[in-house]
Amino acid sequence: MKPIKIAIAGPRGRMGREAVGLVHQTEHFALVAVIDRKYDGKDLAELDGFSGIHAPIYTDIERCFQETKPDVLIDLTTPESGKYHTELALQYGVRPVVGTTGFTEDDIERLTKLAEEKGIGAIIAPNFAIGAILMMKFAQMAAKYFHDVEIIELHHDQKLDAPSGTAAKTAQLIADVRPPKKQGHPDEKETLQGARGAEYDGIRIHSVRLPGFVAHQEVIFGGNGQALTIRHDSFHRGSFMSGVKLSVETVMKLQTLVYGLEHIIE
Amino acid sequence: MKPIKIAIAGPRGRMGREAVGLVHQTEHFALVAVIDRKYDGKDLAELDGFSGIHAPIYTDIERCFQETKPDVLIDLTTPESGKYHTELALQYGVRPVVGTTGFTEDDIERLTKLAEEKGIGAIIAPNFAIGAILMMKFAQMAAKYFHDVEIIELHHDQKLDAPSGTAAKTAQLIADVRPPKKQGHPDEKETLQGARGAEYDGIRIHSVRLPGFVAHQEVIFGGNGQALTIRHDSFHRGSFMSGVKLSVETVMKLQTLVYGLEHIIE
Amino acid sequence: MKPIKIAIAGPRGRMGREAVGLVHQTEHFALVAVIDRKYDGKDLAELDGFSGIHAPIYTDIERCFQETKPDVLIDLTTPESGKYHTELALQYGVRPVVGTTGFTEDDIERLTKLAEEKGIGAIIAPNFAIGAILMMKFAQMAAKYFHDVEIIELHHDQKLDAPSGTAAKTAQLIADVRPPKKQGHPDEKETLQGARGAEYDGIRIHSVRLPGFVAHQEVIFGGNGQALTIRHDSFHRGSFMSGVKLSVETVMKLQTLVYGLEHIIE
Amino acid sequence: MKPIKIAIAGPRGRMGREAVGLVHQTEHFALVAVIDRKYDGKDLAELDGFSGIHAPIYTDIERCFQETKPDVLIDLTTPESGKYHTELALQYGVRPVVGTTGFTEDDIERLTKLAEEKGIGAIIAPNFAIGAILMMKFAQMAAKYFHDVEIIELHHDQKLDAPSGTAAKTAQLIADVRPPKKQGHPDEKETLQGARGAEYDGIRIHSVRLPGFVAHQEVIFGGNGQALTIRHDSFHRGSFMSGVKLSVETVMKLQTLVYGLEHIIE
C-alpha cells in the first residue's frame, strides 16, 4: 500500500508540531511538504525542534500543491488562512483536514458543493479529541433515557470564559433530544448565589478553574437509584492527534465535506 | 389511552416489591393481579408492606390469566418458575417481561418462535438497570477508537465472586470489537502478585470490595494525552425499575422476543 | 467488662431506628430503655420493625433515668426536646450523646459548666458521619499547602437549599487557615451566569442536584501540575452510626462537654 | 529580606530543569551556581533551554561552595552523587535539599549527626509532591476510623513495576496503624485470577496502566453506608516543585536532618 502523501500548513504552531510528529511516526503517512509564512525553500529539518524530519518548506501553497501533489492537506493555521487554504486545496484536488474554526454556514455549503464537484473528501473539525467527541455523543444518547443531567467542566485557572465551549455544546446536544425539563426541586433556593451553576434549557453547568488542571469534563446523569457518568480528561494536546489521524484516513474515502468529527464516528 | 393491565409474579421478593410500587405509581399502568406461592384469594393490600395497594393474589397462574386477562406479566421469581411462567404467558397471549436468568439458547429459540406465532412481544433481561446497559454499550462503541481499556468494579464486601458478571460481560463486549491486544508494557512485572488485576483477552479487570458500596463500575479508556471514563453507580435496587418500565412500554409494540435490554435501547 | 447501659430517645425516627439496631448489635452496649412520646409501659419489641428487641418504653424521661439508670442517653429527637433532654440527663448523671442541632453558644456554655460540675462527659454533634468529619479536617489541613480549592457537593433533587451545610462549613474551615485569595483568572467572565458557582471568601462552591444521589461532596485542590481531591459519599444514613458508636465509647471517658465530632477525632 | 542563595546540582535533568525554573521565578530565591558533570566555567544561559538564566557552572562542587557560598544546595542528581554531595554540603555549612533515593539507615544516622554538629538543616525527600505526601498522611489518619481500604493507582503504560512505590508506601503506613484485618468476604473467590488485586497485610492494591495517564492514586475507605476517598493526580513533574520550594524555606530554620517531607508537613 502506498503511503498517504501529506502537506501540513502551520507546522510551527503547537498543534502543527504535534501533527508533524504524528505524520513522521505513522508508517502509512508520508510528509511531502509544509506550508509556512516564512523560510521558503528551506528544509524543515533545519528549523528548531524538527531535527531529522525532512520536508521542503513553501510559503506559496499553490506552488506547494503543484510541485508536491499531496493527497491530503492538514491545516492547523488561523481561521482566515484555514478558509483560504481549504478552498485552494479542493480546487487542486487535495483533500483538506482542517482544525480551525470560523467557517460560516455559507462557507460550509459552498465548500461542500466544491468537494462534491471534485469528487473528493474534506473534513473540518473544531475539536479533534476523539474522547471529547465520544463523550458528547454518549451524553446525547443517554439523555433519551435519563432526563436529569448536570455538567461539570474543570480547566486550568488561566481560562477566561465559563462555561467552556465543549460544555455548552454538550448541553445543546442534550437539549436537542430530551423533553424540556427544569431540573432540581421547584422550590430550591440558593443561600449563596450561583451555587446551582449556570442554566442551559434546564440543564445545570458548573465550571471549576484550578491550577494544575488541563481540560476535563464530566456529564452526570441521575435516575432512580442510579447514576451514569461520562468523563473526558485531556492531559495534553496530544489528545487531538488521534482525531487528526482518523480524519486523514477517513478523508481519503469520502466524496463530500464533513463538518464535525462526530459525523465520522459511529 | 387505556392503562396497560399488568400482573406481577413474585411480589414479595426484593425486586417484586419495587415492581409493585412502580406499577402502582405509574399512571398508565394498572396492577390487575399478583401471582404468589401463598395467600391464594387474599388481597395484596392485606400483606405486610402493601397497605393500600389492592390486587387479587393467585397461586395458579393459568387461572390468573383467565380471570384477569393482563396485557403484560412482570416475572421476578426464580429461574425455574420464570421459564415456566414465560411459556404459559405466551400461550395465553400475555406479554412476558422477565428478569430471571437461566434461559438456554434453546429456550430462547423456542420461546421466540412461540412469541412470533402468537404475534406478541416478550422481553427477557438479566439486567434491568438502563444505566449499566448504556455503560456497556458506550464501552463497546469507544473500544473501536481506544484500544487500551481497564475495568474497575466496586461492590460491597459481602459479594462472593470477582470479577462481577457485569465486568466480565463488559470485557467480552469490548473484546468482540477491538483488535486483539495485550495491554501494558511488554516487560511489566508485578512485585506484589495480582497488582495488575485479572486479564480477559488482554483487558485488565480490578475488583474492589468494601463495606458501604453497593454496585459500581468504571470503564477507563486511555489514549495519547487523554482518557475517557464511563461510570455507572447503582445506589439501590430502584435502579432496575426504569428498565422494567421501559420494557413494559416496549413489549406492547413488539411481535417477537427480545433477549437483553441492550437490544431495545438505541 | 460490663456493657455500657444506654437509653435512646426518639427510637422510631429514621436515625433512632438505626441507633436501636446499632446498640442491639454491639456486644459491649446494652439497650436499657427507650424514651418516646407514646406507648408508655410497652415493650419496644411490640412496635412495628423492632421484633426481638426488648426494652421498656418511657414517655417520662426522668422516671426512665430513675428506674433504668443508664450510663448514656443517645438523643435523636428534635432541637427542642434535645436541649431539654440534655440538661436533664446531665442533672441525673447520665452522659448525653446528642445528634440534634439548635444549641446556642449560651446553651453550650451552660451545659459545659453543668457537665464539669457533675464530672461527666457529654457530646453534641450536628454531624455523626465520621467520613464527613475527616473530609473537613483533611480539607483544612491541605489548605495550608494548596491555596486554590473548589467544592462540589452532590445531593438528591429533593434538597431545597444550596449549597449544603457541610459545603458551607468546609469552606469556612478552609477560609480560617488559608491566606485570603480570590481564585480563578482576574479577568474571567461567565458567558452563562452562575457557571463559576457560589463564592465564599474566594472559594467556589458548586451544588449538583440529581435523582439517585444521596449526599456526596468533593473538595478539589489544584496546584502546579497536581490535584488533591478528598471525597465523601454517604450512601445511606447508616453512615452516621459509626460516629454514634465512637461517641458513646468516648463520652464515657470525658469529664466535660464536647461540641462537634471533629474534636474527638485526631 | 535577603534572598536565599541556592546552588543546583543536576540542572540539565528533567527535575533539575524544573528546579532551575522555580528558583529563577521565585522572588526570595537567588540562583548563585549550578553543578554539572560538564561545561565547567560556562554560564548556564549558554546551554540549550536556559536562555536568560545566568549562573556559573561548576564541575567541582567544593570549589563551587568555596566561591559562591550558597545557603542551600538543591541536589537532583543520582543516588551516588546525591549521597556524596550531601556530605560535602554539610561539611561546608551548606544546607542540602536532596531528591535522590538510596540512602541507608546508616547514611541517615551519620548525616543527621553531621547536620547537628554543624547546627544546620538538611532535608532528604524521595517524593517532593506535597499532594502525594498529604494523601499518604490523610490515609494513615483515616485508617484509625475506617479499617477497610483499597488502593487504586493509575500510571502510563510505560511503567514497568506494579504496584507503584507510592502505593506500597501508602499500604505500609495504613498497616502501621490499623488492627490487622483480612478484608473482603472470607469465602470470596476469583473466577478470573488476580481480580482482587495484590495484597499487603490484608489491604488490596490495584494497578492500572493506560496510555495518556501520568501518575494518579486513589485510596478508598469503606464503612457502614459511606465511603471516603483521597485522590492525588500528578499531571506533570511540576508537581514536585511546590515540595522543593517548601523544603528550601524550611531547611533554613532547621538544625537537624529530616528524612521525608511528611515530617515537615503538619
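We call the chains A, B, C and D, going by the order they appear; numbering starts again at 1 in every chain.
Definition applied: contacts are C-beta pairs under 8 Å (C-beta built on N, C-alpha and C of every residue); 3 or more make two chains touch, one makes a residue touch a chain.
From a predicted model like this one, the values you see are computed outputs, not experimental measurements.
Contacts with chain A and chain B are shared by C, D. Distance between Cα centroids is largest for the pairing of chain B with D. Between the Cα centres of chain C and chain D there is a gap of 37 Å.
A straight line joining the Cα centres of chain B and chain D is 48 Å long.
Looking at chain D, one finds that residues 212-213, 221, 223-227, 233, 235, 239 touch two or more other chains.
Taken pairwise by the contact criterion, the protein chains are fully connected, each one touching every other.
Put simply, chain A touches chain C in their complex at residues 148-150, 152, 154, 157-163, 168, 183-185, 187-200, 204-213, 220-227. Listing the residues of chain B that touch chain C in their complex gives 212-214, 233, 235, 239.
On the chain D side of its complex with chain C, the touching residues are 129-132, 134-135, 137-138, 141-142, 144-146, 221, 223-242, 246, 265-266.
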